[in-house]
Amino acid sequence: MSKNLDINVHHLTRVEGHGNIVINMKEGRLEKAELQIVEAPRYFEALLKGRSFHEAAIITSRICGICALGHQIASLKATEDALGLEVSEQTILLRKLLVNGATLQSNVLHVYFLVAPDLLNAPSVFPLIPTHKNVILRALRMKRLANDIGDIVSGRAVHPITPVPGGFTHIPTAGELKELRRRLIEEGLPDVVETVKTIKSLAGRIPDFVRETEYISLQDKNEYALYDGEIFSSDTGATAVRNYRDITSEFVVAHSTSKHARHARSSYMVGALARWNNNHNQLTEISLNAAEEMGLKPDCYNPYLNNVAQVVECAHCVEDSIAIIDRLLELGLKNEKPNQTPTKYGVGIGSTEVPRGILFHEYEYDRKGNIVFANCIIPTGQNLANIDDDMKKLVPEIIDKPKKDITKQLEMLVRAYDPCISCSVHLLNVKFINDSED
Amino acid sequence: MNILTKHEHTPLELYYPEMAEITAVNQFTELEKWFEIKLPDGKELGHQPGQFALFSIFGIGEAAISICSAPTKKGAFDICVRKVGMLTEKMHQLEVGQKIGVRGPFGTGFPVNDFKGKDILIIGGGIGIVPLRSLINHVIAYREDFGRIIILYGAKNPDELLFPDELENWDNDPSIEYHVTVDQGTPEWQGNTGVITTLIPGLDLDLDNTIAAIVGPPIMYKFVLMALKSKRLPEDNIYMSLERRMKCGVGKCGHCQINDSYVCLDGPVYQFSDIKNLPEAI
Amino acid sequence: MSTQTAPKTKPQIAFFDFTSCEGCQLNKLNLENHLLEILEHVDIVEFREAMDDKADAYDIAFIEGSISTPSCVERIHDIRRRAKILVALGSCAVTGGINAMKNLQPIEDVRETVYGKDKYLFPTLPAMPVSAIVKVDYEIHGCPMSIPEFLVVFKALVMGKQPIKPDSPVCVECKLRENECLYDRGMVCLGPITLSGCDAICPSFGQFCTGCRGLVPDANKNAMLDILTDHGLSLQEAEKRLLLFNSYKQPDTFK
Amino acid sequence: MNKHNLLLQNIPDFVAHLQTYGEVHAPCQKGENSFSFEQVTDPSRVVLDYARTLQSIRKYFLPPTERLLNFSLTDNTFTKVAIENNHRIFLGVHSYDMKAVLKLDFNFSHRTPEINYLKRRENCTFIGVSYEPDDYHFSRSVGITVENTEGFDLFLDRHENGYTVQVLTERGTEITKDFTALGEALEIPEISRQFKNKIKFNYNRLPEVMEQSWNSPVWEEVAQRCVGCGTCNLVCPTCYCFNMVDNVDLKLTDGSRDRHWDGCLLSSFAAVAGGENFREKLASRQRHRIYRKFKYITDKTGDPWCVGCGRCTAYCTAGISIVEIVNRLSDEFEQTHLRKSSAPVGQKIQGVSL
């Protein structure tokens, strides 16, 4: 096998957004291993300037159609932090329910529609419709259930309508929540169990690759952190959200319209696997059983198993949603109006977990409630350096395989991160380092 | 009192069409196509010259179209359809044997009984000839009931002249005074060129005994009316047919309303004196 | 569903994304209950987000996203050449959407705000709707695109008929749903001049209309500004609100 | 005519009693500041003290969207749609909304009676209720008092502790006779209810005012402020314009022909296939709307077609007031025509006067 290798995957498919994989190996020496982000920049931080706090989440939700809810939640939390807006327990519970719905939806979409075709050697999910009809129907059913959480609680799963600073513009009825609860139990749980079986049957086809890295996620002392918490690094421990810049130290590289980030080492990983590694002991029982069934163990260093961690989270989201609905019904749904009377103005930071990892929004408001400064740190941006580092380790390990297989395995690696390139494209000045990789 | 029974007329299921069969088609021009249509069970449409019906294709919609055959034609009726929108485009694709929904007839026709004994001046511009054709065929069928029959027909160019066979018959019929003009001729065109109003000054009319029936695009009315005015034709002797979008055909939906008049009920054929005070008419 | 096995009678459709959040494409995948029915009528021959296949020609190309880089311009010309019918999908593609907000600020400032001294690494143009560059046959409005409207257009195109284009404002749909007017709750809303077709989804959920579907033809903007200012916004805030999704000004240079 | 007394605390029982005779539909709280007629399941939700509902009860007889027929594209046939005509009792209807129903009855039975509307109207009982006129009501100006009982089977007139119940029809007797909580009618001095909002001319004279107002500058002034959203049409209890659309299901095999409310104020309402729009200008559409209420049908029936509910004004985001428009036109009329000879000025088609 030649020790020269040139791979250029132009506009990688089955990912959100536009990215290229470029590998360049000369006489056994890896000269380049990059995920190039070629998405058109969208300049969200600039768009936010001068915008009212009523409009901030409407705008930032449009950063990403896949994680629209996550951006909205992070944005609302940043605004509420900056303006001193208190929210009710009902608001927090409804938001957590939405986060569960969005995580479930995204994870199902990713595992079934984007990753499964790789494991089954198909170019897309469409040829699998006749051959795996029941699996596809199950995936669609799970996605519908997840989206119905979004539709019922937030009006619309993509670019949610009702979550606004200080609360919700519309509260679902008890009847709607009871019906959701019934479906979560009667459809959601059995479908999760079947999903675990499906993934278990394909687990042997997941590449075996190990690279230990730094794992960063939110951590909450009371629960598996998806909505709130403090920042936790597997290398350095806990950090307050207000110090997020110590963690994310972003830098611009020439091959990416999205900025890179690094913390204790040259790169770190965020997302389902990071959350699993950091917080697995807080998962529900069904989720832990699912993990065991599929062979996912704590301190897992195989990035390809991020997808298995996503399935584990599906189980968690279904179970946790049932518990949240029970709590909401127990409290009794109140037609609260959003609290939109600012008690202060200044800087606020909001952080939440989205399917792809930890997300930060930071805004500074003037005394009219308009934004003077904004910064958004997106999970995929944080993962990019880690993906490059993974490729640098992976390519020499599989260099003896045919180029086609190497390419596929690299594509699968990128897809395993569920990169959301379209939303990673944005960003603000923190620290600029020109293409400085060695 | 029961609201269903207290009316002069029985409340009707107004929106269910009859499924009628297309029995013949003829493509006149790229845009205009003629259809012969037969109602189920040999039923007659029972229309007056100048009336219209609503035609529909399921999944596309419904539109008002004039009937262009005279009531003297039995067992079937004709329409001529210009391709202007989605429905008419789909109608053009229909073939003999296929079915189309029909509701009607609706509206006022030309009061042909009142026309008896009079000279009839028919002025048609463009597809205005289509509703007039039912009147023309009626007066030809009852030729002895009427005085002179004068037909003025104008089109943009010779290729857009409709009913070509019939035009020839009218031209050859010594009892009909037929004049045709086109806005733009072709090298082969032997006849008049110029707008339709150029045909009017040369007419020698028995003013009190002449009925004018005009149908054409909005812009034509203005100039034809001015030309007839200078001829001093009494305005009560002038009839015209107006076009509006219609949804119901029965004076409910409001779309065809011109001031206080519903084109689907009070029109489409109006005596000029009825609409001259309606500023929205033309 | 690959091109080779597909019977030629089914329209071959493709999806493309430009500068956008890809929410419209996701919204399409959210048609879970209808997805398989849709696939009965068409063959999807290219859809980068979901499949590896590529095709040379398409009966219908759906375009999501704005045109905002020089390479976007080239790509959209190429797609147009290969597509019989081209449909713009969602606000970014139809009106420039939220992306066009950047056109309101000097482009150099925008680039500097985000990338600092590295701004020249990434070429950028003012964000434009697809129709600023190539002929667009049909438009599906909304951010995200409205699913009911997508289905109306989709069905019409598959049946070979022209879709009905809404031209009335959101207020009409709000009234058909008997919603309480948000102005009566002390809110301001762009429903009176925003194109309908969304079934007034935002006001129905108690949130003001953001104008994401674009303005009705001949919108009386001055009257709208009067309404907004009468209900508590300053003129500057009112103008900004109107521009949220409607900032695009068509530059002559790229026609 | 029988009269009874109904105490406030007995209202929920009365509603429950009515439910034994049919579906009860009554105003309920809808949003934060609004009411809507809904089928009552919980009698305690009924609100009888309200200013106006978002929509009048026309929505029951001419639904916002209505399926007219179902069709099959596979065999090009259609099936009829059953028209529901359950027995409905409308409780808490204001006199102007009742009057509006009577006007729609005329529109849907005049010349070509329409079964769809009339069938839905067939089995209805109407129970009126008095109201305190607010800043928008002006029914009195179009000849409808708060206590007008035309069309009602029962009428509830508010007093301090409850309602005086007037039994107006046999049907009214039937549905009250077994309700034991009705007391003897109290001797209550007649309340005079004042309308703050008024049209300055008697409504009989408005057609004449309109006759002279075709070229008034008022239309253009109103159009400057109007956004053309059509709300005034869509909330009007006597508007009944509609559109018809064919909808096909996703299998592309079946579908339905549906009609839905439309409005003459909307820009494409009077457009025709060739692209011509006969009321292209907002000013001409505003004029058409006002003429529909005060001239066109009025010329034929002698009645104004506006019932003074105030919805078009209360729900206009631009704050355009129908009373203000009519009063402005009346002022102009007074100034320019009243003092001159009253020779009618015919409207001529431009460029033509034979």
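List of remarks:
Just so it is clear, A, B, C and D label the chains in written order, and each chain counts residues from 1 on its own.
Criterion: a residue touches a chain if its C-beta (ideal position, glycine included) is under 8 Å from a C-beta of that chain, and two chains touch if they have at least 3 such contacts.
Computed from a prediction, not measured in an experiment: that's the story for all the values here.
Centrality by Cα centroid goes to chain C.
Taking B-D and B-C together, the chain pair joined by more C-beta contacts is B-D. When chain centres are set by their Cα atoms, the one at the greatest distance from chain D is A.
Separating the CA-averaged centres of chain A and chain B is a span of 66 Å.
Centres computed as Cα averages put chain B at a distance of 37 Å from chain D.
Note on chain placement: the centre of chain B and the centre of chain C lie 43 Å apart, centres being C-alpha means. Inter-chain centre distance (chain A to chain D, centres taken as mean C-alpha positions): 52 Å. In chain C, 159 are the positions where the chain touches two or more neighbouring chains simultaneously. Of all residues in chain A, none touches 2 or more other chains.
Contacts with at least two other chains are made by residues 59-60, 85 of chain B. Chain contacts here follow an irregular pattern that is not a line, a ring, a star or a complete set.
Pairwise, the chains that make contact are A-C, B-C, B-D, C-D.
The residues of chain C lying in touch with chain D in their complex are 34, 37-38, 40-41, 151, 155, 158-159, 164, 167-169, 171-172, 175-181, 183-185, 189, 191-193, 216-220, 222-224, 226-227, 230-231. Note for the complex: chain C touches chain A at residues 1-2, 17-27, 29-30, 32-33, 35-36, 39, 44, 47-53, 68-69, 71-72, 97-99, 101-102, 105, 109-111, 113-118, 121-122, 124, 143-144, 201-202, 204-207, 210, 237, 240-241, 244. The residues of chain A lying in touch with chain C in their complex are 11, 13-18, 38-47, 49-52, 55, 58-59, 62-66, 68, 109, 113-114, 117, 123-127, 129, 136, 140-141, 143-144, 147, 154-159, 161-162, 164, 168-170, 252, 254, 257, 422-423, 426-429, 432, 434.
The touching residues of chain D, counted against chain C in their complex, run 30-34, 36, 54-55, 59, 64-65, 223-231, 234-235, 245, 248, 250-252, 260-261, 263, 266-268, 282, 315, 317-319. Against chain D, the residues of chain B that register as touching in their complex are 2-4, 6-7, 9-17, 19, 56, 58-63, 84-85, 88, 98-99, 101, 217-218, 222, 225-226, 229, 235, 243-245, 247-248, 250-255, 257-260, 265, 272, 275-282.
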